[in-house]
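Look for chain A in each of the two complexes below; its partner is chain B in the first and chain C in the second.
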Partner chain A sequence: MFIIGELINGMYDNIGRAIKEKDKKEIQRCALEQISCGADALDINCGPASKQPLLDMPWLIESVQEVTAKPLCLDSSNLKVITAGLKAAKNKTIINSVTADSEKLDTLIPLANQFGAQLIGITISKKGIPQNKDQRLELAATIVSTCVDQGFPIENLYLDPIVLPVNVAQAQLKDILESIREFKIISEPAPKTTLGLSNVSQSTNARNLINRTFLTMAIAYGLDSAILDPKDNQLMDSLITAELILNKNIYCDSYLEAYRKK
Partner chain B sequence: MFIIGELINGMYDNIGRAIKEKDKKEIQRCALEQISCGADALDINCGPASKQPLLDMPWLIESVQEVTAKPLCLDSSNLKVITAGLKAAKNKTIINSVTADSEKLDTLIPLANQFGAQLIGITISKKGIPQNKDQRLELAATIVSTCVDQGFPIENLYLDPIVLPVNVAQAQLKDILESIREFKIISEPAPKTTLGLSNVSQSTNARNLINRTFLTMAIAYGLDSAILDPKDNQLMDSLITAELILNKNIYCDSYLEAYRKK
Partner chain C sequence: MAWELMTEKWSGEVSTVTIGATKEEGGTRSHTLKIGGEKSLPCLFQEGNIPHEPKVAFEIWDIAPLDWPAELMLPYAETLRDPLEWANKCVRDYKAQGLCIRLQGAHPDFGDKSPEEEAKLIRKLLKEVSVPLIILGCGDDAKDNLLLPACSEAAKGERCLIGCAVQDNYKTIATSLLADGHNIIAESPIDINIAKQLNILISDMGLPLERIVMNPTIGALGYGLEYAYSIMERSRLAALSGDKTVASPFICFVAQESWRAKEAKNENSPEQGVIWEALTATALIQAGADLLIMRHPKAIQKVNQYIANLFGGK
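So, the complex of A and B:
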């Protein structure tokens, strides 16, 4: 499981303040803390309140790169912000994200190719959020076929089925889980799958429980990666144990500690 | 999810002692406590130390029946003990279990038919424990086809893929999960699936975590029932949340409490 830490996001108070005050130490502390908890990559998002994302994104990246060589997941729907981030990045990058709209695909895939970046394709389009797994699969196939046409390596593509909150789209969650399995058989080699986990529990009273239960089920369905809070210890326990059950880590009596020491 | 409480088992100290001293109150307390935690049925097992299981099984059943009308799952590999239990039972019964061996099937299926009992078929045979999902499927198909031949209603059959401990058969757990899905497509109507959950964590240091993670994954694979400890609150939280995600309970902010009040 490729874990992308979600905590460097301007929507969180500490990061919003750090961006505003250019408090590099706070950003670096947050980066290192997530890595020590198991993050393989770090999402970088200026947040909705950023007044100057074209400056903030490179600043965040430069701050983080000073303390880690882990991949960075550039999280913005603004092409200029993504481009500014790619230019600033020395670490490996993942563009988060491209939708299934042709004008987006035709811009972001060449950009990913140019910078050697990986790419998260989300199964959403201008028509809105898909209402079932067939629509998700259709959008996923559009993303994959456009990548193939443009010579983008499918091994570098992550498909995200768009996780919706259980309290507004409960009936869709099973389809979302099944999409994870279906996405893997779109092409050979298979695209990877990822998702923004915390969406599933938005505005609920049992966020951590819902997050870890959904993640465990998604891992059962073959999920390759997730954007999540690696500081949530119980979530990480669930993730490590789910991977143990799928024989991806070797069992020992202290398998939780062994994984964390890795 | 049809929850079969596992705690009335002579291998537990309190039940072993209660059987020995014919302490009916302790058995009844254990029955009611499991039901208050969410058990839909109760497993009844005299345990390996029982010297007179032909007397102990009916006594356990009579004790439990005084306080509940819930179905009872008669757990023994001894045909005479099962028969004694069926004779004593007024509540609905489930025979736990029959293997895929013809001499067992040819005895226990007619017995289940005679008493109107449900039946748990475990995918094991004299040849031993299956080593992969193809062998499990073959044994499951043998059980289903024998039931069909003998006019046993498939809706009353639970197939159990045999859960093995993660510390001895880690590489098999994924196959066991996939067997749950495969068993459902053996026939129309589909057989139900169940499993003895706590086997998965035997002799590990993180029993509860491994149990609830495996159960959550099994629910993702379509599991219909499990034999488990309903007093494990975190396990029940995981179960309730997994069913919520699959849209089997309706979301409300206090969905955990709502389920438990049901």
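So, the complex of A and C:
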């Protein structure tokens, strides 16, 4: 499982404040802490309150790159912010994200090709959020076929079925899980799958439990990656155990410790 | 039509373990033995780098072995009574590149030699021959906990490979090897889960994973070799996929197992033992063995030739 740490996001108080005060140390502490908990990559998001994201994104990236060479997941819906981030990045990058709209695909795929970045394709479009599995699959197929047409390597593409909160769209979650499996058969080589986990538990009062239960189920459906809080120890234990049960790692009595040693 | 080789891309690699320390490295060995470091499954030379070919070390004992078949005793003859002469014969006559001394005589049932006596032998042996040394205890846990620390200290700085540590008995051994700069053999009973657990336990003691050599326990040809093969394969697949806790090179006690087979002790066909030992070894090389502990010079010669043929053209 490729774990993308979600905590460098301006919507969190500590990060919002650090961006405002240009407190590099706080950003770096947050980066290293997530890595020590098992993050393979770090999501970088200036947050909705950032007044100057074109400056904040490169500053965040430079701050993080001083302490780690892990891949960075540039999280913005603004093309200029993504471009500013790609220019500042020395580490490997993942663009988070492109929707299934042709104008977005036609700008972001060439950009990913130009910078050698990976790409997260999210199965929504101008028409809104898909309402069922078939709509998700259709949007996913659009993203994959556009990538193929533009010579973008499919193994560098992550598809995100867009997770909705359980208290908003309870009836959709089973479809979302099944989409994960079906995305994998769109092409050969298969695209990878990822999702923003914490969405599933928005505004509920059992967030951690819902997060880890959903993640466990998604792993069983073949999920390759997730954007999550790696500091949630029970979540990470569930993730490691789910992969163990799927025979992705060899069991031993200290398998949790062994995974973390990797 | 041109055909294309289908190869896997691996993210992990087997750790490289160096046995023996030269003068420049603080020891007195004439050379070192490097094992491990593979970035592909065994013998798939096109798939990833295999930097070191498997190595064979000669097994010698501190006492004359009583139950070895005549065919196996023959090449060593009188030297079996004196470990130093025996060692010399291996190095001088048979060009051994490494020696593995089993301190069987320390076992309570086989003479109960004291740790001090055995440590003295190790010191003498290190003076007598200059090849890298593998030191094995007697197999009695309580005795090995006294014996191996004494031998470890006697060989301090020589970067030997010492064992075997097992799940119920590793702490004392790991602690002394750590202090004296040696590598450790971690033994598990044909069990991948225990192998992994033991590696973690040892590395938790402070001895890095890069100083562990795994003894997966093997069976001889016809006696469960395929079980060892599948354990080694599974472990190697995990290692190459990035699991460092099972990414240690393998040591295989080939002779100990193959000469126990009744086929190896056939008096009407004495050469069968050599064949049994050599075939067990070559099968294990294909399973990923990095260090083979063998006894009969003819079998060793055949296996070294096999290694040269297989790895020479890589």
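The criterion applied here is as follows: the second predicted complex is superposed on the first by the 262 of 262 C-alpha atoms of A that agree within 3 Å, B and C clash if a C-alpha of one lies under 4 Å from a C-alpha of the other, contacts with A are read in each partner's own complex, and residues count from 1 in each chain.
Keep in mind that, in the parts below, contacts are C-beta pairs under 8 Å (C-beta built on N, C-alpha and C of every residue); 3 or more make two chains touch, one makes a residue touch a chain.
Predicted model, so just to flag it, every value in this text is computed and none were measured.
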When chain B and chain C are modelled together on chain A, clash or fit: fit
Chain B versus chain C as contact partner of A:Ile129, first or second or both or neither: neither
Which superposed partner A:Phe214 touches (first chain B, second chain C, both, neither): first
Partner chain in contact with A:Ile250 - chain B first, chain C second, else both or neither: both
Contacts of A:Ala258 with chain B and chain C, given as first, second, both or neither: second
Touched chain A residues, chain B compared with chain C: B
Angle at chain A between chain B and chain C, C-alpha centres, nearest 10 degrees: 70
Overlay on shared chain A, then closest C-alpha pair between chain B and chain C (Å): 7
Overlap of the chain B and chain C footprints on chain A, listed as residue numbers: 250-251, 253-254
Interfacial residue positions of chain B with respect to chain A in the complex: 166-167, 170-171, 173-174, 177, 200, 204-206, 209-210, 213-214, 216-217, 219-221, 237-238, 241-242, 244-247, 250-251, 253-256
In the complex, chain A residues that touch chain C: 249-254, 257-258, 261-262
Complex interface listing, chain C residues touching chain A: 192-194, 196-197, 200-201, 203, 234-235, 238, 242-246
